[in-house]
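First comes the structure, then the notes that go with it.
Letters are used for the chains, namely A, B, C and D, taken in the order the chains are written, and counting of residues starts over at 1 for each.
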């Protein structure tokens, strides 16, 4: 297996290259009887689409999708659900000069080492364009989770050196950077503009939360909810770190501070980020993902050729100065995929168990947090 | 599947509870013909053993292990390798008072929510004692990796508010805190002592690196080397975050700074932490894992009972004031398990491919970094 | 993975060699809250135990088992359930002469080819003794299935050249050959005795059925109920064929004959053996497994040494003249394992779907068949 | 997972319905650097295509395929290889009358029971048309196996009541029934014609063999070579039984007869069908699969409606009177898929082991058999 599938019960298989005929995804395990909201898939694709603002790549892709299987009369049949998006605006000849050298910060060197062969056009399979498949699958997962009342919301909480502590989520879709804090947008735009002017790129931090999920999802050892989220997030292009709840700040904490005490109304704080012992507590699941600056910058950098000779490269073309902006819907999609899979996992155990040992539901007097 | 297995080719299945008869691991996929170094397994177990210094839990476990299967005349047969360790010093009655309430920071609440039933003795399956199984398996994985010259080394680089930038790895086994910087040990011990005096616990940051692995390990999409490492690390008890290479610090970087340029001698820097596009580059793999403070502190905290009524709890007993210290060998084990599995994965593809398309090896003039 | 695990949700991992310290099984996915009937495990082990009659191997194994994990106060916790049986009467020196040659009909040659190394004592991992692990796991699976009213029953329906068309199931546990037809027992015993007198062995055919399972289990493509049963059965030592319902006899049938017509009371016949399109129909699942004669016979047969030189071998020792007799409980166990896993699979989909699309239950006016 | 994937290393995911927009397959794990022979894929598709002779379904499908991903400049890249075939001649309105009733012998009843919903057009996902995906993937697998010299050949050895003992393999592609015995073709055609005249269908037996594979493939317990073959074959529509080597005839054999003795030149016989203890011996792998008569016959049969009321049905339309004829290339494809996957599995273990324990190759003086 070369790892193009994710999930066990709601299992997606992603395929397609940046400059190949099409990208797509097969979802195996979507239950029958779901009236698929195609418009919602289109809306989610639009959120990650290049060209939607001046801050992102200007590649012009309409992201028209076609459902190849799994739906009959608008309703899922339980058969594998396959959706494809054809590439329209690939400019492969932009990449000709990169054919025999390795761009710093990109997967060029490691891909060549692995396969002894490389689709150099736009990064091939390593392109962030692959995330189209994830967003499609995530849109289906979100729809399912909606029936349980689980809502997933992400936003950009740091761009370069500018961060925000506010989490005014309704703001996210109202500004072009997807920041949950309107007041910081101008400063972030300035940081972005400064980088672009200096022919450079900047990193970003995305936070995502899921609210409304019940306690009990996740498995206590290797398939902890947070462990699966960590794999999901670091499987994203340019991601370099992931943390849950208090995350890295917990290192400098005392136990008396990091322990979230409980009352009949719920947890008094959420340093645990909705997960204890790898299992959801019902408190909001809170995750942050660190994205490095885009590796494609129009500066001349030293590198080597495929023959291991010194050379240099300047990456021109249509690139995102901060990949984290368009990563927001992708991060949401990955969280949705992890959660929906654990919902199935939990359902299997619970339903079998019901035959001999009915589950006791632990319910706080009011909603947690 | 409830997630007690890890890996695909070198697949381990962990079992056992903190206060049950035994802990153990089945390794499925260890190749035949390996002269198993049992002493090394013992040595690795000793590194995570409680009671080895005054800074860790005083539970007295000899960690004697028994090989139940997979070895004949000292050599592995290719059959599943099973090793168990019997629990000797479990004091289950210490836990009687905790039977019907949920300790803050622990998995008590979420386990009860999941299973409707709980082995309250020492956390049952959620106990950090489960990591005995991981260390045994990791010791076998390390032995295999040794044949390729891959070396894994971890250490504690921050304890509470005291951190170090030094990486003097040979120091690690020479001080009781496993810090790669002798000069910081007194300050860290003071931080630990202060916390203990204040009936509290502290967090810690563990860094681990793997050197000597070839370029080409890891799969480019969901099974990225760093994604699998992230799952592995966040599957550890008390882990709240993981980062690779520059990690979270990449957010505030510029692309011109974070891109590691190449020369015929190797990479000029290692912000990428040995992984580009999810695939190893041959540069050292560098990972940091954030551990929260131990949840078990001898302070009275508010919580609720299994009937959702308000109460309070004081956790007495034999606990680690900083779980990150004993986590060092466990973090190393998890990295070894990820790497050995990807070695098999890579070997499968390469060996089949050799029949029609011999691999070109990309080799720097001198060792990278 | 070297394939010592079976199942996805109720996933068992088998370990141990015929002449190693112990055999055992880890069950990952047994739900919490099950009061484990240990006596029933013992009873099932006794059914496959050697030495229970004069027709089977005289190896004296008490098959005492020990539960190492997963049970607390007699009830499963949801943690991996591990059970081991120590080998007591292994006579490894019987096998010294076989060390450097390959017994015809055994796995000696292929194991040596695969691993370049071989545990020659009693076949090592290839021994039918490995099925102890399966019977233990099957006993737990049967217990779970019992809550749904699913009953599994097997029997020997052919021994050498003597077969029976009768299916008087209650007879099975009343005769030493496990034949569902008392009247044929003397003839079969004569066939067995004749073979033994001629220093030979005979094959056998085992039929197993499961009744009481609902319609809807199994997946329509690669994980068809009958496909999974086929893998399960051909994973048994000495099994050479498997068929479902009409099986091979369907080849010479006409469609008008093999099609099982339906009435509101159920199917009019069961050529389909309880499975259509890979999915259970609610009719009895009927499976037959062909076992070859035991390969261990006290005759001198030509063979080769590990150095590929001609030699001959005479297998003495304590062997079953007809392995199919003791295979009955093992075949039942494998069917139970397949069914319980599909129950979980089905439960996952159904329970998630309930949130938006309640299942319609297809129910015949009276029980099918 | 709902089981639309097969294999571990060379993992295929099949999608598409009989009357949906398209059928297709994603192959994850095809190594990079393979010059894909597209013509061969087309040739294999042509072998299973309807309408190729008067003995098979007259549905007119050109089976034009499109490669959506995984190939760059005619060579595989290591990325998922996706191929689709659009449906052209689906006559969905033929199926309108079948919408609310269950055809005997078909998956209609069990699919409805499982999903509470059904794509009634041509059986939807349960249609034998799904095997298009398998044939495409099999064509790639065969190409890979070709580099090792592994050749796979199947043929029809029984049609209804007419069988042949001859295995004149070159004949297979020379007659319209794919029988390895020219002399029996007229008799089989007569049997087929008789059935058709009587508005009926007949069963068939397909034999397939693989020659040239090395000893050592397959895993000794649950993932035995023959166990995986059994799953593969019984995952085919209309398959009711599978046997390896002597198969069911071994039941009536004596051990002295079924044991294949060895000489330095190879095995003296092949009752074991190329597999001992689940592992290949290097002798030809020989497998037979029993197919029931086509369930679609133009006779009036009693059945029930979705509301469980008595009714009757007459299946008109374009159907195969003997599905086993077109099953020959599909059976070959499934064997190829099992073998290629085990080749990867074996390669992983062998290549890792080479670092410390070089494999000894067991080689007969001349080719086995």
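We adopt the following convention: a residue touches a chain if its C-beta (ideal position, glycine included) is under 8 Å from a C-beta of that chain, and two chains touch if they have at least 3 such contacts.
Here the structure is a predicted model, which means the values were calculated and not measured.
*Asks:* Name the chain pair with more contacting C-beta pairs, choosing from B-C and C-D.
*Replies:* C-D
*Asks:* Computing the C-alpha centre of each chain, which chain sits at the greatest distance from subunit D?
*Replies:* Most distant chain from subunit D: B.
*Asks:* Rounded to a whole Å, what is the gap between the Cα centroids of subunit B and subunit C?
*Replies:* 38
*Asks:* Mind checking the centre-to-centre distance between subunit B and subunit D? Centres are C-alpha means, answer in whole Å.
*Replies:* 44
*Asks:* Using mean CA coordinates as chain centres, what's the gap between subunit C and subunit D in Å?
*Replies:* 25
*Asks:* Can you tell me which residues of subunit B touch two or more of the remaining chains?
*Replies:* Counting only residues that touch two or more other chains, subunit B contributes 1-5, 8-9, 14, 29, 32-33, 78-79, 114, 116-117, 125, 220, 345, 349, 353, 357.
*Asks:* Considering the complex alone, what residue numbers of subunit B touch subunit C?
*Replies:* Listed in rising order, the residues are 1-5, 8-9, 11, 13-17, 20-24, 26, 28-29, 32-33, 66-72, 75, 77-80, 82, 84, 114-119, 121, 124-125.
*Asks:* Note which residues of subunit C are touching subunit D in the complex, please.
*Replies:* Touch residues, subunit C against subunit D: 1-6, 8, 14, 102, 104-114, 116-117, 123, 125-126, 130, 158, 160-161, 195, 198, 200-205, 214-224, 226-235, 237, 239-248, 250-264, 268, 271-273, 275-282, 290-297, 299, 301-304, 308-310, 345-346, 349, 353, 357-365.
*Asks:* For subunit A, which residues count as touching subunit C in their complex?
*Replies:* Contacts found on subunit A: 8-9, 29, 31-34, 78-79, 144, 147-148, 220, 343-345, 347-353, 355-357.
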